[in-house]
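We call the chains A, B and C, going by the order they appear; numbering starts again at 1 in every chain.
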Amino acid sequence: MNSMTSGTRAGSRNATSAFDAGGATPVLRVSGLEVTYYTDLGRAKALDDVSFALSAGEKLGMVGESGSGKSTMALAMMRMIKPPGRIEGGSVFIDDTDLMAMTEDEMRQARLSKIAYIPQGAMNSLNPVTRIGAQMVDAIKSHSARQSRSAIEDRCVHALRSVDLDPSVFRMYAHELSGGMKQRVCIAIGILLEPKVIIADEPTSALDVVTQRQVMETIDRVQDQINAAVILIGHDMGLMAQFVDKVAVMYAGRLVEVSAVRDMFTAPNHPYSKALISSLPNLDNKGVFQGIPGLAPSLLRLPSGCAFHPRCEFAMERCSVERPEPQNLEEGRLVTCHLFDEEASQ
Amino acid sequence: MTTITLPTEETAMEQPSRLVLAWRYLRRNKGLAVGFFILLLLTLFTLIGLLVINPKHAYPLSAALKQPPSWKYPMGTDFFGRNLLAAMVVGMWQTALIGLLAGGIGTFIGVVLGFTSAYFGGKIDSTIRIICQILTPIPVLLIQVVIAGSLDKRDVTIFTMALIVVLLAWMGPTLVIRAQVLTMKERQFVAVAKLSGMSDFGIIFKEILPNLLPFIAAAFVGQVFAAVFASFYLAVLGLGPLREPLLGNIIWAAQSQGAFFNGWWWWPLEPAFAMILILGSLALINMGLDELANPRVRKTE
Amino acid sequence: MNLKIIVKRLFFLVLVIWAASTIVFFVPRLSSRNAIRERFGELSRTGGFSPADLEKLIASMQQQFGLDKPLLEQYVQYLNQIIHLDFGYSLYKYPSTVTELIAQALPWTIGLLLVTTVLSFIIGTLLGAVSAWPRAPQWMRTFATPFILLTGVPPVIMAILLVFFVGFRLKWLPLGSAYSVGVVPNWSWGFFFDLMSHQILPALSLILGSVGGWVLSMRGMGITIQGEDYVNFAEHKGLTGGRIFRDYYLRNAMLPQVTGLALALGTVVTSAIIVEGLFGLPGIGSLLNLAIRSNDFPTIYGVVLFITIAVAVLMTALEFIYPLLDPRIREN
């Protein structure tokens, strides 16, 4: 149903090689991922040429304003984009298999066993009318039918324990659990089959501050247990800073910067990242959240050239005409901005 | 600290006009479009019919008896000498009258009671709520059978029909409007209006009522459907105003005279098809409005 | 579910029955019609009573029906009778009691009603679920969706269409009574098939006439449920489509459908008895039809009240089933 392109765009290849230079072979390689929504009002490119790579045990924080394409990226990687959206191209390699080239049933098998998605579980992600246990058992059964009932149950209880939940949760219903407990159940389900890649989509929104920390620590711990690559999607930069290794910034469907967390906070490259970082409350501005001037652009009518140029204080003439391509800088950093054109060409 | 001061210049892109959007939506929501189209045809049939035909021909002994459809009588005539084309036009008109009348009154009672109940709360609220809850499980149609059956046949007219139908049909709208007003009471704009010293009636008419209009409209369409349905059933049972060419009455009369056994097939079939068109268009519109109000539906199309 | 709720529900049931009885008691008494006078007036025109005899007869009947006592006393006596399911004497088939007539007609109606309601509910719910399920094969959705159009054809009209096209035109199925004229009821397969063949068209009218409503309401609910987070998460978990459909989508979308069944019972039963009357099947419908045509008021009121009580009892029963389906209700 999707036309697959083999991802030979210059930008994509550069981005991938930048991470290969880091040493370990990445477990996850995304390149040239593109998603378009076809609406009454026109076409909206929700994801435009997104490429990055991640090694086992690494944790990537994905940030950006709402509508920037973070969740679309997660759904595209799970191949769960629904009409009127379509995955137009790109590849998502986990080890040596391309998820985008799989058949529907292979992809179904890959979900949870190769790549798991942890939803914002505090709200409504668990079936209200069946027991938690049943919702864990069916997940295992639909991937490997030939297992004894008790083996499956042991596995579920083990997963519950590793997210600090009492085994009695197995027999409970969603409405009997607190928000934090429901989120933990979702994490427990996510690690049931020890996937290579875990995507956690805003796992802490709608939770109180103490619970947020606990949930993040739980994700941290289970990641160590199964040595997965984790992508954390969220907009809380402060919380993110404490838990991730790398930060990726999205703007209008594109990756505008990927940097190690320390670099991102001390010396952000992209003007948009700078604006994001400086908008964080800190001791200097006494906790006042500043926000970024201007409005996030509508995907239906993106500004020409670089989509950020109308809000960018460093905007040059070419920014409104020519679209910047992603380019690799030293220390495995990536940026999509004309300001770095000369450095890259040297 | 970096401050970014460049103002965003919204590039004024062409937005498709509302009409174009509505047209595109109707093309996808075919149910709504078809429903409106059928209703329009029925309205045209009735209105043009009322101008062209002589309403007297809708009553007995105005035409030859038992004639199948022909050039002279496009829809035939019945056992009692009614021109069925005229009967259809008048019957359709009366059906619309009952539907609009009963639907309007029922919705009005519902809005008034729902408002009173939710806005003033307390004992009034619990009384109204409990009465609604007790009356709701009672099969309305059967109680209507009792009421219509107890009336003197001479007292049964189009208007009493509408009243009988409405007598036990206001509970639904009352509960719906009550629930909506309750949630609206909690919203900020009502609190602000209260603090600024607006009177109860001011708040009801200026703040809450305009926001309720979509729900009132939906309740109205539902009430019209229910009223048409109920009056049709009563008439089929022979409890309608027997002299009038109401669609249900025609079917009742045809049934009583064994129309099919005697080969007068057009007699009961015509009102049956007319009823299908009326109820079908109302159901399609109701469903289409549902889809319009619930954005989730659009995803599946 | 605890005892308090059960007691509350039962008390509510009693209230509903009381309200219905009260309406049925007072409405006729507000009217100027005198059932007994009308009935015997008719008889006297055909049967040749003398006017004096007629007055005497009416007076004695009034006494027998208790209509000469004060209103309040009548009301109390009437409520007492209702408690014992005693609806008094039929005027048309005097001295049969209304309860006897209902008892004779009831098995026919229950059979027809049970089969058609269960079938149309299940078929309609499944079709509605499929029509709103984006992952269902296209041909299934294309097949299921048009059934919604049947909402515009209520059972009574469906009956007229089927009678004409299937019964008269095609002559596929017999019409007009419970079994063929001249056949004596007996315990043979031949009689059984004859009986059943007479039931097919009425049953089909009821099923086709009400299936659209179930498709429509289930579709509405399905559209809401298929967008819920837990359905999406189920797909993220890599479950097979069938399992998501059954355990996550259908089970949740079903809940309001069961409430809908309880609320629709009144209309379902009413439609069934009208259709029964149209087909001339021996059941509550024909009883009511005959009562209306012959101004047999005690029978009209008795039938209406009996059905009201039956519907209210069934609704309460469904409310007790509901917590078994939804664990959230079980606790409070």
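The rule is short, and it goes like this: contacts are C-beta pairs under 8 Å (C-beta built on N, C-alpha and C of every residue); 3 or more make two chains touch, one makes a residue touch a chain.
To keep track of the chains, here are their UniProt names: C = ABC transporter permease.
These numbers were taken from a predicted model, which means no experiment stands behind them.
Note on interfaces A-C and A-B: more C-beta pairs are in contact across A-C. With centres taken as mean CA coordinates, the chain nearest to the overall protein centre is B. Chain centre most remote from that of subunit B: A (centre = mean of CA atoms). Averaging C-alpha coordinates per chain places the centre of subunit B 23 Å away from that of subunit C.
Between subunit A and subunit C the centroid-to-centroid distance comes to 55 Å (mean Cα coordinates, whole Å). One finds 50 Å separating the Cα centroids of subunit A and subunit B. Shared contact sites, meaning residues of subunit C that touch two or more other chains, fall at 134.
Counting partner chains per residue, subunit B shows two or more touched chains at residues 299. Listed for subunit A are residues 82-83, each touching two or more other chains. Residues 12, 15-16, 19-20, 23-24, 27-28, 30-33, 132, 134, 148-149, 151-154, 156-157, 160-161, 163-164, 167-168, 212, 216, 220, 223-224, 226-227, 263, 265-267, 269-271, 274, 277-278, 288-289, 292-293, 297, 300-301, 304, 307-308, 311-312, 315 of subunit C touch subunit B in their complex. Those residues of subunit B whose C-beta lies close enough to touch subunit A in the complex are 1-11, 13, 15-16, 21, 24-25, 299. Within the complex formed with subunit C, the residues of subunit B that make contact are 31, 133-143, 145-147, 149-152, 229, 232-233, 236-239, 251, 255, 260, 265, 268-269, 272, 275-277, 279-284, 287, 290, 294, 296-297, 299-300. Here subunit C touches subunit A in the complex through residues 134, 228-230, 232-240, 243, 247-248, 251-252, 255, 325-328, going by the rule given at the top.
Per the touch definition, subunit A reaches subunit C in the complex via residues 78, 80, 82-83, 108-113, 116-117, 119-121, 123-130, 134, 138-139, 142-143, 173, 175, 186, 189.
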